[in-house]
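Look for chain A in each of the two complexes below; its partner is chain B in the first and chain C in the second.
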Partner chain A sequence: MIPLSLRYYRADSVDEALELFHKISHEHGKPIFYGGGTEILTRARVQDIDVDAVIDLKGIPALKIHQDKGGRLEFGAALHLTDVAEKNLWPLLTATADRVADHTSRGQITLGGNLLSILPYREAILPFLISDSATARVAGPNGVRTRPFSELFDETLRLSPGEFLISAGVDQDEALGPRFKSRKMTRIDWIDYPLVTVVVTRNPRGAIRAAFSGWTTYPFSSPRIDRALSDGKRSPEERAKEALHHMPAPAVSDIHGSREYREFVTEYTLAGMLRELEDTP
Partner chain B sequence: MKTLTRPEQVTLTINGEGRDVVIYPGETLLYTLRGDALGLTGAKPGCENGDCGACTVLIDNIPTKSCMVLTAEVENRHVTTVEGLEDAPIQHAFVDNSAFQCGYCTSGFIMVGHALSQHADAPDDSRVVEWLRSNICRCTGYQEIYDAVRSVCQDSTAP
Partner chain C sequence: MSIIGTSVQRKEARNKVSGRARYTNDLTIPGTWHAVVVPARQAHAHILSIDTEKAKQIAGVKAVITGDDVSVLTGDVIEDRPPLAKDKVRYWGEPIALIVARDEATAQRAAGMITVRYRPLPVINSIGDGIADNAALVHEKNGGYKVATPPAYPKKQTNIADEANVEKGDVERAWPGSDITVDIHVSLPQIDHAAMEPRVAKAEILPDGRVLIHCSSQAPFEVRKLIAKYFKLNPGQVVVEVPLVGGAFGGKSSVQLEVLAYIASKAVGGRVVKIVNTRETDMASCPGGMGLEADISLAARQDGHLLAAKMRFYMDIGAYTDSAPRVARAIAAQCTGPYHIANLHTDVFCVYTNHTYTTALRGFGHMPMTFAVERAMDELAQKLNMDPLRLREINALKPGQLTPTKARLTESNLGHLPLTIYKMRELIGWKQGKVERVGEHRVRVQGVAAFWKTSSSPPNAISGAIITMNSDGSVNLSIGAVEFGPATKTTAAQILAAQLRIPLDKVFVHEDVNTHVDPEHWKTVASMSTYMVGRAVIDAANDIINQLKSLGAAVLRCSPDDLDFGDEKVYVRDDPSIALKFSQLALGYKYKEGDSIGGQLIGRGRFMIRHLNLLDQQTGKGRPGPAWTVGVQAVEVEYDQNTHQYRILKAASVVDAGRVINPAAARGQLMGGMNMGLGVASREGIHYGHDGQFLNNQFRSYRVMRVGEQADEYLIDFVETPQIDAPFGARPLGEHGILAIGAALANALSRAAGVPLNTLPITPEAIWRARRHQS
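For the complex of A and B:
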């Protein structure tokens, strides 16, 4: 049962949310920023999270931004994953986010909540990990800053206590230029956490980029993997096999599948995606 | 700013009516709906983990798993439960298609099907399947449920 004493605050502005967090912490409370609440509530129910106040961010207009402006695509952290898919500003993000959970849950899960989940998957982050222009707008005690994803991301988006994500953005050219494939492989059911989710892009010069979720305890991309996958002199199968040698960590064995099975599925999925991307004109 | 730090009386709009109810800040909507004050037991507790959909209600016409939303969040929103559907086509479609057995999952499926049938765009088959994948039935067949929902949605492929 969720502690009934949990206090609920809904902030109307970025400053209000920051002040609330500061005030509650200062009074020895344990606040947490609250997006869709799906993870916080399910964890609270089994006493897996030690918080006594939630600060709901969904009423803050800056977190609902959803636009294509001046060559940048901007996605507010409080957008629901169904909003992202319906507007479809970035088809690669749609294809990936639209495979998270199920349709009803995606109407509750927010983009920010998925990117900052404590779970290993965070599938909606994959497109951002392979976009050099991706930035995160973060609010914190020292004000609002826009930082490149590459600087903030190290296995997770590294936000300090009291900081929260306002929005994430990417250059339209980079987002819409390359061809892409996004594939989620699950053990049996369509709706499940991924055995592995693979996102691959190919730019007009043939350079490949890839990002993975489910392989290990965090989502990742890697320039070494991208180099191996971009070596056009080798077959897709050879490149996929080679890419597996450059994974930053061994594949996990868990309820979804053994290490060996994950490697096998990842390799053939990757090879198939390369073939599809390169075969079609 | 909205604040709820102790049990408080709030007014919720449920099935088109304003209902005064005392809620705790940490209370889920599922809990409030089923409590003595409202007694709306159509939304069912299943997994209480977001997986089964038995607790699905509509919030502003959007299917929502009520075990994963705080009641404090829904003040000023319109909540519709299965009790609020009066003779809706989807209810008859479930009967006509024998789309239930024990019935535990039924109200959740009905709410999803009703929302889809009210949607402006006519859904294609894959969309119907995608929406229905949000719910789990443990004893009857999914085909009958699909047929019931399909029968009340406009067909996007119809001329």
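For the complex of A and C:
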């Protein structure tokens, strides 16, 4: 039960959504863009969100784009995580997106909602963080722009009030070229928030890239970590240990696990993934 | 074939699986208003002021009630709990105000408008904090509250709400004669019952003075008794109705929300008011399951025979006592586990903390107690280099021996633990607890633990049954036990069908309980329904059989002694062709000429527990229950020595069930119990922040075992040593699946990891930490 009074709007186009947001804000309303609604619902029922209008974006065709065209993979922000997994255009994205929450929730959660979640995990973002060609199409008061992920991402995708994500894309070559591993490590359960989720890719030349979620309050990747992991002269265990020295922030301690335990889990997980990626031809 | 011992589908199964079964919140009377609890957001603080003005101004808000408006103190044993916090708050989540509004959303919005000014006090955030010298007091008035149901021995100027002791033999003299000793300390967090249906209560006060309560409760008669007592009403004025309950696990044996619903209704002129818990409220504001710390020392001979034991149990009961003194005595009375220990000293303390208060939870203290004792037993087996099942076998209590509280044991009241151990060896493929290597870093190992439990019921617990007969000779059965999952009503129907020798589909059980029409049943707790209700049903069945025979005798012009019955007829013993159908007698017998005799056949039956007594405070001497159920449980795990991840391959139980009445239901109970116990042992636990905040009052953070995470295989077998005074010899087994399975898991993992694991829950991190601590 949501104790808030909410007005519901469904936008049929990007422009209509932008206009609605502008109009409601102008009339001193507190609008929020709405995709799957799982976070709005769970926060609203405990009165942890201050909104009075939702603008549903799921009816906008551009947000449902889901294609492999002209060497680019495009994923609309309103795709459900189960859609992404079922079509499986980008197996690495499937691997991360398909481990969020449980199947029932993934049928509700949208890709955009996960990428822009207020929770620290946002695991579907990890593949984009280690893809140089990743871009985001963002709609805002100044129109629609396509920008590199790297420009927009600083701990989270930095969207301004009134902006929303239309879709995210990546070059097919970059996405499908490298071999990859993805592991979600939890306290004990299959379905839980991650202690750490690790994504590792290895291109044919042996260069390693890695991205992490759950370690700290935001997902991240780092060239320094990638360099440490790519040093083929050292054993996977040594490289994993070294990588932990280059994390951008200390591991968090919370009810899922302590800082020290996160370090332990991340280290052996990373070492095991490197070994698997490099052992098999 | 007898219906006893036959697997039958529970009576309400089809309604449940089709979504048509009705629970308390499924029916709403038009015009019902909603009440919402405003929870404290401090764990221990003086209340300086509560500003209700803004909330009252919201359109649709009908009343705002705070502790200053309510003068009663409540509590099952010690009356220490105001329904709404007064002067101070003692746990995060404690109800501090109640909002009544025209609908739930309005009440929730208004709840967010209440502002409370607190002056924080030092938080008693653990048992250690509670028993420290000069600890802040959770209750300044401890020792001054009314003890409503003795015994309870609170210690003034401390946080000890009660203590229970057991003394047997002479520990100090026996100790030096031992060859080997073990000492362990165990620590278990508070847990939640996690019933699928959160608690809900509705109350209305009619102009004629009657109070109608609808609630999701295991104890409708207790609700009636306490509401009448707290608000000075005649018990007959209070009518409590309980439909099907969506899981309870002891958490609904406590009376809390019903009192709040009554207060809310009273504040708005008696109108129907409903309180429906959110999951968050159900966990943080309503009672959970206790935490425990215990020190266990065992002394034994080289051959494994136990000589003496010293035990201290400290229960984290939270901020109010509720049923804790009863649980403490249950722990004291069964503290040895099912083993004979001639010399024993045990102290059990109920420690007040600034945690959510606690109540009964499946097993009534026996699960945490068993964990402590069975961990100690396994450490002893390892020290002795002895087969852990063998150690348990040679120490098993036998008929003729005395329990810790010196109750005499017989084959009937004890059952046969060695036989369950014998069967377990086969069931799980016992490998003596040896660690078996199955991969580079992977090992498999089995762990075992045994249990016993009795009812710890009050010595005057009662039950009743009323049978009315329908025109076709079928019967309606009315009992006071509620149905919350274990097929209580179906078992009662099976017993009645067997006793009347009629098909089960000729027995219709009243599904709801209504205190106005159903006979009183103590509480649906302690796995006692089959025993108590069953005895009352047999008594009522015999009553109706006598009526059938006596009316039949008049019609057939013979003595009732000449008659026997079966196949829905009474017939002359030596010439069964002279017979009357039950249907001819059910509503009286009508002669050919039209004149009639008899009337509706109505059977009444009752039962009262006998020969129990309260435990003596000094020596602990006393008889805590009519009989025990014993059993042994085992777990097989596969453990990764590098990552400390593990998988539960097998979970097994062999229980002396006395007589299995409904095999499918019995297996279901044990399987569910094992799964719950494994969940508790592997992942459950309430997290309190440094300031006493309840951190995980949602299922996204309070982890219970989910589908796919359960053991690969559940194995169940029974031994049947009849309990002579029980219906068809059946022993209680509703709670028992949970009792020792967590200890069995800990024993297996302790062997696998090579380090004692004495703290729950046993997550991979806990194993990693224990191993790091050791090295």
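In this section, the second predicted complex is superposed on the first by the 278 of 281 C-alpha atoms of A that agree within 3 Å, B and C clash if a C-alpha of one lies under 4 Å from a C-alpha of the other, contacts with A are read in each partner's own complex, and residues count from 1 in each chain.
Keep in mind that, in the parts below, a contact is a pair of C-beta atoms (placed from the backbone, for glycine too) under 8 Å apart; a residue touches a chain by one contact, two chains touch by 3 or more.
No experiment lies behind these values; they were computed from the predicted model shown.
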First, second, both or neither for A:H103, with chain B first and chain C second: first
Partner chain(s) touched by A:D56 [first = chain B, second = chain C, both, neither]: first
Touching partner for A:F264 - first (chain B), second (chain C), both, neither: second
Partner chain(s) touched by A:L41 [first = chain B, second = chain C, both, neither]: first
Touched partner set for A:P3, first chain B, second chain C, both or neither: both
Of chain C and chain B, partner touching more chain A residues: B
Touching partner for A:D12 - first (chain B), second (chain C), both, neither: first
Which of chain B and chain C A:W190 touches, first, second, both or neither: both
Residues on chain A lying within both footprints (that of chain B and that of chain C): 2-4, 45, 190-191
Interface residues, chain A side, partner chain C - complex: 1-4, 45-47, 187-193, 255, 257-258, 261, 264-265, 268
Parts of chain A lying in touch with chain B, wherever the complex brings them together: 2-12, 16, 20, 36-38, 41-42, 44-45, 54, 56, 58-59, 101-105, 107-108, 190-191
Chain A partner contacts - residues on chain B that touch it in the complex: 1-5, 7, 24-28, 48-50, 53, 56, 62-65, 67-70, 72-73, 112, 130-131, 133-135
Touching residues on chain C, where the partner in the complex is chain A: 104-106, 108-109, 112, 278, 280, 642-643, 682-683, 687, 695-696, 700-701, 703, 706, 708-709, 763-765, 768-769
